[in-house]
Amino acid sequence: MSGVSSADTPAAAASLPSLRARTFTIIDVAATALFGIEGAAAAVHAGLDVLGVLVVGFVVALAGGMLRDVLLGDLPPAALRTPSRIITAIAAAAAAFLVVGVVDAIPGGVLITLDALGLALFAMTGAEKASSRGANLWVVTILGGITATGGGVLRDVLLLRTPVVLTESVYGTAALAGALATGIVMSFTRRPRTAMLVGFVVAFSLRMLAVTFGWQLPRAL
Amino acid sequence: MSGVSSADTPAAAASLPSLRARTFTIIDVAATALFGIEGAAAAVHAGLDVLGVLVVGFVVALAGGMLRDVLLGDLPPAALRTPSRIITAIAAAAAAFLVVGVVDAIPGGVLITLDALGLALFAMTGAEKASSRGANLWVVTILGGITATGGGVLRDVLLLRTPVVLTESVYGTAALAGALATGIVMSFTRRPRTAMLVGFVVAFSLRMLAVTFGWQLPRAL
Amino acid sequence: MSGVSSADTPAAAASLPSLRARTFTIIDVAATALFGIEGAAAAVHAGLDVLGVLVVGFVVALAGGMLRDVLLGDLPPAALRTPSRIITAIAAAAAAFLVVGVVDAIPGGVLITLDALGLALFAMTGAEKASSRGANLWVVTILGGITATGGGVLRDVLLLRTPVVLTESVYGTAALAGALATGIVMSFTRRPRTAMLVGFVVAFSLRMLAVTFGWQLPRAL
């Protein structure tokens, strides 16, 4: 049990709900903003006007989590119950639109790292939510993967591209592995923060290692 | 309070529900038929057979409202609770299939005006529904926009086109502006018919002005 | 009433629920595996890696039924409530990935027949589920059609192809006809197994006849 943060000890249990809610909120804002910026940058380079940029930023940031909530039957989706996530996504996309030159000046390696961060954050929060609602481990893994990659898939469909998750090796795989790790730790320990931490490390590490070493998944033909 | 229709005065409040329901029904039938015809015409010109034409007409007419209802958690979607909207959409698409020569003979300006009518009608009804269910102003605006443009987005995805809402300047913008106006008037007056009238005028005017004067939204690059 | 199987007689009514559940399960497993194999084969030939193959197999096998359940408000979708359908779809897709040479060696006529079987099975189970929940005949027909063809539509959208249901004559039509037949028999007899049998025969026969004789639906232009 070493490596378990103090907030996971029984003594801290009373304050866990608010702590967990606060941790969740910070993570969600961070991942939402990251994906909103990325979506907006992709839309700018696809030649879309400012509305198209805001729409694609919104979609990349929030559609994955909204699809997860639809499939869980948790409606309206969490992203639509308060304005905070919507404002985060749209503000991030608007900022990226205004300073797209700055975004473009970010080195590719930094962008890939930020994207891997968002991917890992969403995979673990999506998996944790599904797990805390009693979903089986298959569904926890799949919904974590959908939370992390669903927005990007919809972006690619709207921009008429083959979805990155189907072509980029070890992208969806990293999200699914992180979600699976989150689900396994959840089912053994019932400690959401530990589970999310493990899932985050698995997803982020796997994605970064795959990019660094050019790992590819096998093909049949 | 000048400009407020008599049905919005307190004296008329008792009959408002049925009046509102009837107004809603007439508007919905009109907008559904308009979008069903448009979707069918697009499918005919894409070379689809009669089933494809009916499917695309159905999608353009009803998918936006169905997506709104999924996100509101109002399931099954209103369009599927009675046969009336389904029959309207399919009958309109079938009629367009049979007399596509007549539809094609309609001058472009008339078609754009009819499309703007459908856009404005769906934007305001979608916004009013979200608002009456207690959604915040951001969600009211977004769901009004989705109601008005979601069917067209799905049509473009199915026909492998970049969605019009991402490329046509001031199309989605008009829908969102009308939905926002509906939401603002709703939150200040709680008078659905006034709010919908204002939203309709905003969306329709903005779209027609943009088409007439060739307004474009800014691009970043 | 001749032609009604003995399980539909009043004497057998007591055991009908479990019989129906078992029949349903067998049919669902068969149709899910068939569509999972087909989706995986399509993904292999599109050059996707093993994750892409599993994703597309999962989508083709389960997305239609999941969309049906979202629109019925039956959430989480049945496919996500137990691991069985998920495992079936993924195992079938994995098997197809491993022995794609074997799948490719299957004669085209056999593949078309297997696909028609899956189409007919999903059309009738989708229609029966919608009907047993009190949906009107239009919705029963549409949801049967969505159950049967929704996964294939999503596959084509992800692989940037025009959906087969919009281009292949008498594919969606066969599904809709089978669903309609199921709905009509359900509303007259309230015997699910008879209704599903009739719907299956209608959908499967119509699809196979259309393929055999090259039937086409009319086009407007």
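For clarity, chains are labelled A, B and C in written order, and residue numbers in each chain start from 1.
One rule holds for everything that comes next: contacts are C-beta pairs under 8 Å (C-beta built on N, C-alpha and C of every residue); 3 or more make two chains touch, one makes a residue touch a chain.
Because the structure is predicted, anything quoted here is derived from the model rather than measured.
Of all residue numbers used at the contact between chain A and chain B, under half are used by both chains, marking a mostly different-residue interface. For the copy pair chain B and chain C, the superposing rotation over Cα atoms measures out at 120 degrees to the nearest 5.
Centre-to-centre, using mean CA coordinates, chain A is 32 Å away from chain B. Multi-chain contact residues, meaning those touching two or more other chains, occur in chain C at positions 70, 75, 157, 160.
Residues 43-45, 47-53, 55-56, 58, 66, 70, 75-77, 80, 82-83, 86-87, 97-98, 100, 157-160 of chain C are the ones touching chain A in the complex. Interface of chain B with chain A (complex): residues 70-73, 75, 135-139, 142, 153, 157, 160-163, 165-167, 169, 172-173, 176, 216-221.
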